[in-house]
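What follows is chain A paired twice: with chain B in the first complex and chain C in the second.
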Partner chain A sequence: MTGLDFRPVFARLPFLLGGVGVTVLIAGLAFVFGLLLAVGLAVLRFENQGIWRRFSRSYSTALTNTPQLSQIFAVFYCLPLMGLMVSPFLSVVIGMTLNAAAYLADILGAGMARVPPVYHEVALTLGLNRRQTYLRVILPYAGRTMFPALANHFQIMILGSAMASIFGVEDLTGRAYDIGSTTFRILEVMLVTGGLYAVLSFALTGVFALCRRTMERMV
Partner chain B sequence: MPYIDVRDVCVRHGKNETLRHAGFEAERGEIVSFIGPSGSGKTTFLRTLIGLQPVWQGQMGVEGRIVDMAAPASARILREQAAIVFQQYGLFGHMSVLRNLTLAPTVVAKRSRRDAEHEARALLERLGLANKADMLPADLSGGQKQRVAIARALMLRPSLLLLDEPTSALDPHKVRDVGVLLRDLAQDGMTIVQVSHAMNVVSSLSDRIVLLEDGQVRAVGKGRGCAAQQPDIAAFMNTHGGDAAADPAGLRPDPEH
Partner chain C sequence: MIAFSHYDIALLLQAMARTVELSLGGGLLGIAGAIILTALRLSELRYMFPLRMLAVLYVQTIRRIPFIVTLYIVFFCAGMMGVDVSATIVAICSIGLIAAAYLCEIVHGGVKTVPVEQVEAALVLNLPLWARWRYVIGPQAMSAIVPPAVGYLVLFIKDTALASQIGVVELSQAGVILSNRGLPSAQVFCAVLLLYFAISYPLTCLSRLLEKRIAVH
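Showing the complex of A and B:
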């Protein structure tokens, strides 16, 4: 039985830390674009009774009931078949964006359903058109109501972005594998990496709390 | 010619007629009250005046300009001249009091933010809310919320101010404050139409009372003190918890008898 030896891992810590930026970038891009798509999906669901509403619901149902990994694989292999050569990094970002859109649309949809009904009539009588009503009243209100759920999903995405390593992306987990395969100190590097994810996640909790307070003062 | 002249308003829900040939007139600066039993169409009637309730037919004249209320384009025209204060106020909870007031002027009327804020602050000051500008609606009392809602409506510079049950959610001693405020606004030339169940407020505040029953205008009383003089109205008010001759708030400055 051999003891744990963290020295080879700590010697490569700068390389490992470089993966943190990639992890945040993947999750951040997927979250931002996912949120934009989700706004569209949620509005479709809110506005239309017919086919578009069903489309939006089916989209969320389909993507929240299948593994994100399969979805990224689908993007990874399907885009080249369609003649679009994209990097593994971009495939992962696109896959995670599509997945995030499904979840975030559900969250925003729930938030929009909680907007007091009288707001719609007030907006109408104030002269706001539909676009203005969504941008100034419904979406900001829903976003604020659902802020904890949205922040929570971003945290899940940070941790879930480890899947990028499967596609050869040099994110935090990808770099951890690199270090593991050159030093054979798999357990040690994974413990350190797990710690880094934890630090990142806690830091985000702080950032979100700050965001929230700023948002409340900014109104 | 009356300042506001609403005629022949009919609202249908399927086979039901919730409003049948309803109408009323009002001079500039008058306070008109719609009264009547539940389901008589008071609130429906009020909502037609700002295009929230589609009508089968009806027309509204404001300063001689006639609007066909059944035309699809009428809602926009009605909203240009009227503003409404809802029973639940509907202040936007994610915005400060000041932003609630400046939203429509800046976003819809494209006025400068600075100009709109200047006017909004002056209005808040007038309504005794100067120190509430930067608060969220959730931090206000019911009476304050209502005054903010009235201020927001006034920012639209309406010629007609509509209020749905303005006193229903207020403490009795706040009711008088609203009455004084409405009276002030009317004296400045604002025409006000309110739906009310509070008969004491109606009798002390109204220049004109419209009694609705079963979707029809049953009686109209004109002038201060009309509550006691028009027999149908007096009968209704006396059976609905009010004294037709009451003036508990002392809001009737020039009794006509």
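Showing the complex of A and C:
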């Protein structure tokens, strides 16, 4: 295989690197909002209230069994029909948030089920109300035991955010495609992009390991 | 009011068949690849060392690259090398490449759960290599491999949606086509999501059942 020429790609490297920021921004926003929704969903599931519990369960089942791409397409095409004109960036973030909430609720729910019953009793004895019990006892415990799973899902979301390029968002993959179509060096640029994603992901693994160690020292 | 004509429904069903084809093809390739990669990683021969390192590097790196980027790389690589294959084959190969890496982690992890005494006992009994794998390691590793492997295959089904980007008309692309034809978007995307659910949900249930029945805790 001859004719690989990386020079045009390296000449546009700063533009490509800027895409890393957009990728992290999309995944980060969707993760934070998804986590907020997921806390709500997980609490609904944990409090034994018939219909809401079933709603939370069905939400996760429905959204974890359909592709994120189709969910974003549904948001992208259906929000304007409801009179909401949102930018592609925002519809990708909304779609990814809804998707992330389903997975994160499953993770948090599993974490909450693992909180020893003694914790609930202690919270009750201390006279904490329900809000305090969740915010100060159950969620911190679930968050800590589930940290590896949450971090892993963030990595999955970084990879998933590459879908944003399909909707015209200038994230890492989107910019790579741009460079590819102006320089006709698409294979080279995609190889570099793949490398950048791998580096980003390895870096995140390091950051999460550091976070985990700091957290363990704090406890 | 349902706005689909029977041509539209035929398109959706054909696209669904394509999605199943992509998942099955990719999954089977992935299983084959995973077995080869695991064999490389577990080999203890000295001259296999570079291959062993390559296998580890492959598994660690490919799982950190988005599926769509891998898909583009394989697609344009095939084009550049002058290999004339359909987009479907390219998509199946890419899914297989990625599935191999993920499944290799699962298979490798599963084999490692077999207690080392079991392997030593089999060695002492002078069982040949194939008998060690067939009667001692295999059956015990299976319970740690099958449930998560089925879980991952469910994830791959949803990744096949990205094959639309290299021109494969599968379920999600059919949704876009119908929506662009002027059918009501809400109905079209509901139908697409429901069809994906119909493929994926039974497998999710199967994975949960296997988790309960045979998984090691």
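By our rule, the second predicted complex is superposed on the first by the 215 of 219 C-alpha atoms of A that agree within 3 Å, B and C clash if a C-alpha of one lies under 4 Å from a C-alpha of the other, contacts with A are read in each partner's own complex, and residues count from 1 in each chain.
Just so we're on the same page, contacts are C-beta pairs under 8 Å (C-beta built on N, C-alpha and C of every residue); 3 or more make two chains touch, one makes a residue touch a chain.
Predicted, not measured: the structure shown is a model, and the values here were computed from it.
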item	value
Fit-or-clash call for chain B and chain C when the two complexes are aligned on chain A	fit
Chain C, chain A and chain B - angle at the middle CA centre, rounded to the nearest 10 degrees	110
Touch count on chain A, higher of chain B and chain C	C
Touched partner set for A:110, first chain B, second chain C, both or neither	neither
Which of chain B and chain C A:61 touches, first, second, both or neither	second
First (chain B), second (chain C), both or neither touched by A:126	first
Which of chain B and chain C A:118 touches, first, second, both or neither	first
Three-chain overlay, closest Cα atoms of chain B and chain C, distance in Å	22
Of chain B, residues touching chain A in the complex	50, 52, 79-80, 82-84, 86, 88-90, 92-96, 99, 103-104, 107-109, 136, 152, 156
Partner chain A, residues of chain C touching it in the complex	61, 64-70, 72-73, 76-77, 80-81, 154, 157-162, 164-165, 171-172, 175-176, 179, 185-186, 189-190, 192-193, 196-197, 200-201, 204
Chain B contact footprint on chain A (complex, rising order)	116, 118-119, 121-122, 124-128, 132, 136-137, 140-141, 144, 216, 219
Partner chain C, residues of chain A touching it in the complex	1, 3, 61-62, 64-71, 73-74, 77-78, 81, 155, 159-163, 165-166, 173, 176-177, 186-187, 190-191, 193-194, 197-198, 200-202
